[in-house]
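Right, one structure below, let's go through it.
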Amino acid sequence: MDGILALAADNLLSPIILFFALGLAAAFARSDLSIPEAVAKGLSIYLLFAIGFKGGASVAAHGIDATLVLSLVAGLILSFALPLIAFALLRAITRLSVTDAAAVAGHYGSISIVTFVAATSVATSVGLSPEGYMVAVAAVMEAPAILSALWIVARFGKSSAEMEDGLMREILLNGSIVLLVGSFLIGWITGDEGMALIAPFIVAPFQGVLCLFLLDMGLVAGRGLREARSVLTAGLFAFGVAMPLVGSAFGLVAGLLLGLSPGGVMLFMTLSASASYIAVPAAMRVALPEANPSVYLTLSLGVTFPFNLTLGIPIYLAVSRALTGG
Amino acid sequence: MQTHKAKRVEITIESVMEGRLTAALIKAGVTGFTVLPVLGGSGRSGQWSREGQVSRAGGMVSVVCIIRPERLDELLDAAFGVVERHIGVVTVTDCEVLRAERF
Amino acid sequence: MQTHKAKRVEITIESVMEGRLTAALIKAGVTGFTVLPVLGGSGRSGQWSREGQVSRAGGMVSVVCIIRPERLDELLDAAFGVVERHIGVVTVTDCEVLRAERF
Amino acid sequence: MQTHKAKRVEITIESVMEGRLTAALIKAGVTGFTVLPVLGGSGRSGQWSREGQVSRAGGMVSVVCIIRPERLDELLDAAFGVVERHIGVVTVTDCEVLRAERF
Amino acid sequence: MDGILALAADNLLSPIILFFALGLAAAFARSDLSIPEAVAKGLSIYLLFAIGFKGGASVAAHGIDATLVLSLVAGLILSFALPLIAFALLRAITRLSVTDAAAVAGHYGSISIVTFVAATSVATSVGLSPEGYMVAVAAVMEAPAILSALWIVARFGKSSAEMEDGLMREILLNGSIVLLVGSFLIGWITGDEGMALIAPFIVAPFQGVLCLFLLDMGLVAGRGLREARSVLTAGLFAFGVAMPLVGSAFGLVAGLLLGLSPGGVMLFMTLSASASYIAVPAAMRVALPEANPSVYLTLSLGVTFPFNLTLGIPIYLAVSRALTGG
Amino acid sequence: MDGILALAADNLLSPIILFFALGLAAAFARSDLSIPEAVAKGLSIYLLFAIGFKGGASVAAHGIDATLVLSLVAGLILSFALPLIAFALLRAITRLSVTDAAAVAGHYGSISIVTFVAATSVATSVGLSPEGYMVAVAAVMEAPAILSALWIVARFGKSSAEMEDGLMREILLNGSIVLLVGSFLIGWITGDEGMALIAPFIVAPFQGVLCLFLLDMGLVAGRGLREARSVLTAGLFAFGVAMPLVGSAFGLVAGLLLGLSPGGVMLFMTLSASASYIAVPAAMRVALPEANPSVYLTLSLGVTFPFNLTLGIPIYLAVSRALTGG
């Protein structure tokens, strides 16, 4: 317990978290500080490019692990299953409609890549070296949860969820997935040589770019929270904090069963704990337009994301180390 | 200079629906359209601004379509099919166009 | 398809005044508005373009507001209060809207 | 609030021609104009979008010009001279303006 | 004198100045070269982030100086006072109306952060190490001058200057100030450790980014000058060159009284000499819309900024060294 | 021949090419992956800035070569002459109208700066050090081809090509040329000292930025190809592959006559082989609006650019080495 607190305290004073806090504070104070949309998108392209490539290069360096395929399958299953758990929890502790609850649930089966990046950087800073293919697991977990959400609506709801032709392709080929997987493969193919070439671009400046990106996330999350305060009931807030812990428990079991390294287990916990705020909201606007976006965006970006960033990650790290002996 | 009567239909809609809307318009036989960016706005579902978006999930665009008056109903039906369940505003204005053979 | 008469008010104004204008519109009871970006322009105070700005100080935006005809005067009064001392252009166009219950 | 009749001319044209068009408008004596960005569109020459452009070569902009009704023909002649050989759409809408002394 | 000339010549051939000159030349020649607005804003976010963080980290490294608070107070006083001097000078040597003169005066009490950055980089290149908290002094000097300008209009003018509720908050919480101060605090809190993490992002590439940024400043200043040639009378031009020298004299006295290091004195001179072209113009458009923006932007960006960049900074450096023995 | 194949294979597996292929694939699969326009423009500004500056610094380091001026003249002549050859070839093997053929021809006399950058990076990776002033040759070759295209229309065509006053200035002062030449001159003036200052910005991260830029080029080229499939006849496709080989032969002769180094000859071949997709299309829209942009953009960006990037560059390298003994 002490260890977790020390870690959390340490984590809370890292530049990454402090810049996120700066963004939150600026938004709450109604400062006009903002990162232009194009620049923010540029930063996220940089992060996906870098994290994908590094993951692939690390797979090239360490060879394919026997558990790679199993990890991908486990990720798939978790992404399909977690929305069901989230939905049950939401119906138990909040008064959301079936449609809103299903939409929220979909977000929690999917993942937040920035949370993943932050966890990776904490893991490496304490000397762990997570399996490089966890990046591929992250990619695999993005989309299935959307199908679960739509299935929930079809099964329990009144409004119809359109799963039209185009949508599935759109989801699977959304820009983030393509860039992440593509960079992963290129990192894998080009290996050490490729890495040597572009390391000065994707390794050295990475933490600095991440700070700027989290500043932007803080601004966006803060503005969202300010606008949508009214929707955030005690029940929803409780869900936003409890669900990542529940999710991480499933990730923990998966990671342990797969025999991943301490860092790998921690990342599996983080992926299961985190909630999407890009791919899933876009899909929900198309397929479930009746669901209220304030609810799912506020929960995912305003509650769960900051929770994971500040307290969640140190907890997952401590638990993973304790149980793997890492 | 010779001008001709036409209708200017402007549909403000969520970005995620842009492709679906323009596909429906093309299917309804429009000869062209123009997409304008939207910075922000306010309506029954609250206020938003482009700088406060993490993603394309929340933004909107405005699709403008100039058509011959007699084709208006067809276009509105097509547009309504897409907009119906979604956030969005549809306006129609009378206008005059040069080079009417284009529409 | 059933449409209803409405007014489309478009106010082109300096970006720094955007927040003040939309606050005034909301106070005047409008149910919604849309903000469009402006790239550049020219008027009595000279020519400008967005790429030539060091800051938000000089840019402009266009705020579009669709309202029921009977609410026009109220809106114009509110808008005029903000625009009066400032650079800006206000135009009103007749239009038709779908889903009139929204306005 | 006192308003005055005016014409709103909107010319959607390739970005490369923007400078030539606005120069022609100024030469034709317009007192001002506003340039709006265009994200994409479709017409006889196919579909395009700003994210798919390597350069300014392919983008379009929309130039809006509010004028007194009696100056319309002059403006259209000037605009047509530039637009004639080029891709582009010209529409004219009736509108009302505040502060008519500006136009 | 010779030393100043040699320094000025050296300075004039630095990449930073040459890229500014390239921008000016391209604008005068009506080239269509331009930096997209979002990218330019991204570059300025980078500069504020980097300069703020470095300032804070340097305070963390060197400990709080007894004079930190006094320097902030001195900055405040200068920012309030310089507009009065600028106003008197303007009324004496130009024919500007009270409103226009007050608006211009407000700009000269405030500061230009790029001029500050350029001066810092010259100072360190000759081996000086200015006090890290000068960044905080810069932040403190941004806003007070606006109040002085409005007070001048209320006292001497006919048109009314609106100082509405919102405006003060807007000015104090404008994006640049929040980012600069926030990064400064985070740099201070995280100190050496934080610096080690993000140095590859904010230290090594800094000069290159600054070159690009000054290219953009040259383009913007050049386009402004081309458009607004007509407003630039001999009297105004004289003011644009004389006022920075006058301002720097006040900064010099303040720096010497505070007992700052040679680098610190030089930066205090630079801050006092420089004129705002972001925060103050925005505030003036809201509060003094009758003031002609061509006048104040042309002076601040078209005359004083290039003057400081090319001749001013070497002069301030030479004078500071001569008088502090640095 | 074996050497060429090995080189080509090596080249095909470089990160640069693989990211281009990723972009192409994403576009063909209709993924929504995209780089915001402002960011893409920012990346291209970075490339021009870096490549220009490095060229200039290299001239400063190695001194002016007697052949600099002759190389510029040779570049001018080639840019004027190649469109005539391209036009003849097009009329022989395709059914394009005079106007369309002239417009396409203009593109092939001009150059693609990214192809140049890619070739430079291949050259240096195999240990060659091309003359720094090849950057200036590239700049000189951008515009003359446009005049040739307009002359062809005036001579052989029915539609009139407007060569109005403004256009020539616009072409010569277009942003890319100004930035490239300006950075070149500044690199030359500031030499080693300037280079030391900004090297961490323009050298180390260069390859990484280039990867992102080529990702974007792949996306754009892929989308263009998808849209314009219909215009791409077998004849046009043949031209798009044959013309670079023809052009490179002229570049080869020029380079050998000038006595350039193996790297210099290779770059001259690349310049002659590459086709413009920025400056010339813009000029054609103004001066030859009747020419169909789908034709020239598809050929230049969709056929010739990928050909040069993948097969052309290794060929030019191998040929140049074989004939110069480098």
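In this document, chain identifiers A, B, C, D, E and F correspond to the written order of the chains, with residue numbering beginning at 1 in each.
Keep this in mind: a contact is a pair of C-beta atoms (placed from the backbone, for glycine too) under 8 Å apart; a residue touches a chain by one contact, two chains touch by 3 or more.
Since this is a predicted model, take the numbers as computed values, not measurements.
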Task: Find the chain most remote from subunit F, comparing centres computed as mean CA coordinates.
output: C
- prompt: What is the distance in Å between the mean C-alpha positions of subunit D and subunit F?
  reply: 34
Where subunit D and subunit E are represented by their mean Cα positions, the distance between them in whole Å: 39
- line: For the pair subunit C and subunit F, the C-alpha centroid-to-centroid distance in angstrom is 45
Contacts with two or more other chains, residues of subunit D listed in rising order: 36-37, 56, 93-94
Statement: subunit E touches at least 2 other chains through residues 32, 34-39, 42, 204-205
- line: Which chains touch? The pairs are A-B, A-E, A-F, B-C, B-D, C-D, C-E, D-F, E-F
Field: Of subunit D, residues touching subunit B in the complex
entry: 12, 36-44, 49, 60, 62, 73, 76-77, 80, 83, 89-94
Task: Show which residues of subunit B lie in contact with subunit A when the two form their complex.
output: 14, 16-17, 19-20, 45-48, 50-58, 85-87
Field: subunit A partner contacts - residues on subunit F that touch it in the complex
entry: 13-15, 18-19, 22, 25-26, 29-39, 42, 204-209, 211-212, 215
Residue numbers on subunit A that touch subunit B, as the complex places them: 34-37, 40, 166, 217, 219-220, 223-224, 227-228, 277-278, 281-282, 284-286, 289-290, 292-294, 297, 301
- prompt: For subunit F, which residues are in contact with subunit E within the complex?
  reply: 36-39, 41-42, 45-46, 49, 53, 169-170, 173-175, 178-179, 182-183, 186, 189-190, 194, 197-198, 200-202, 204-205
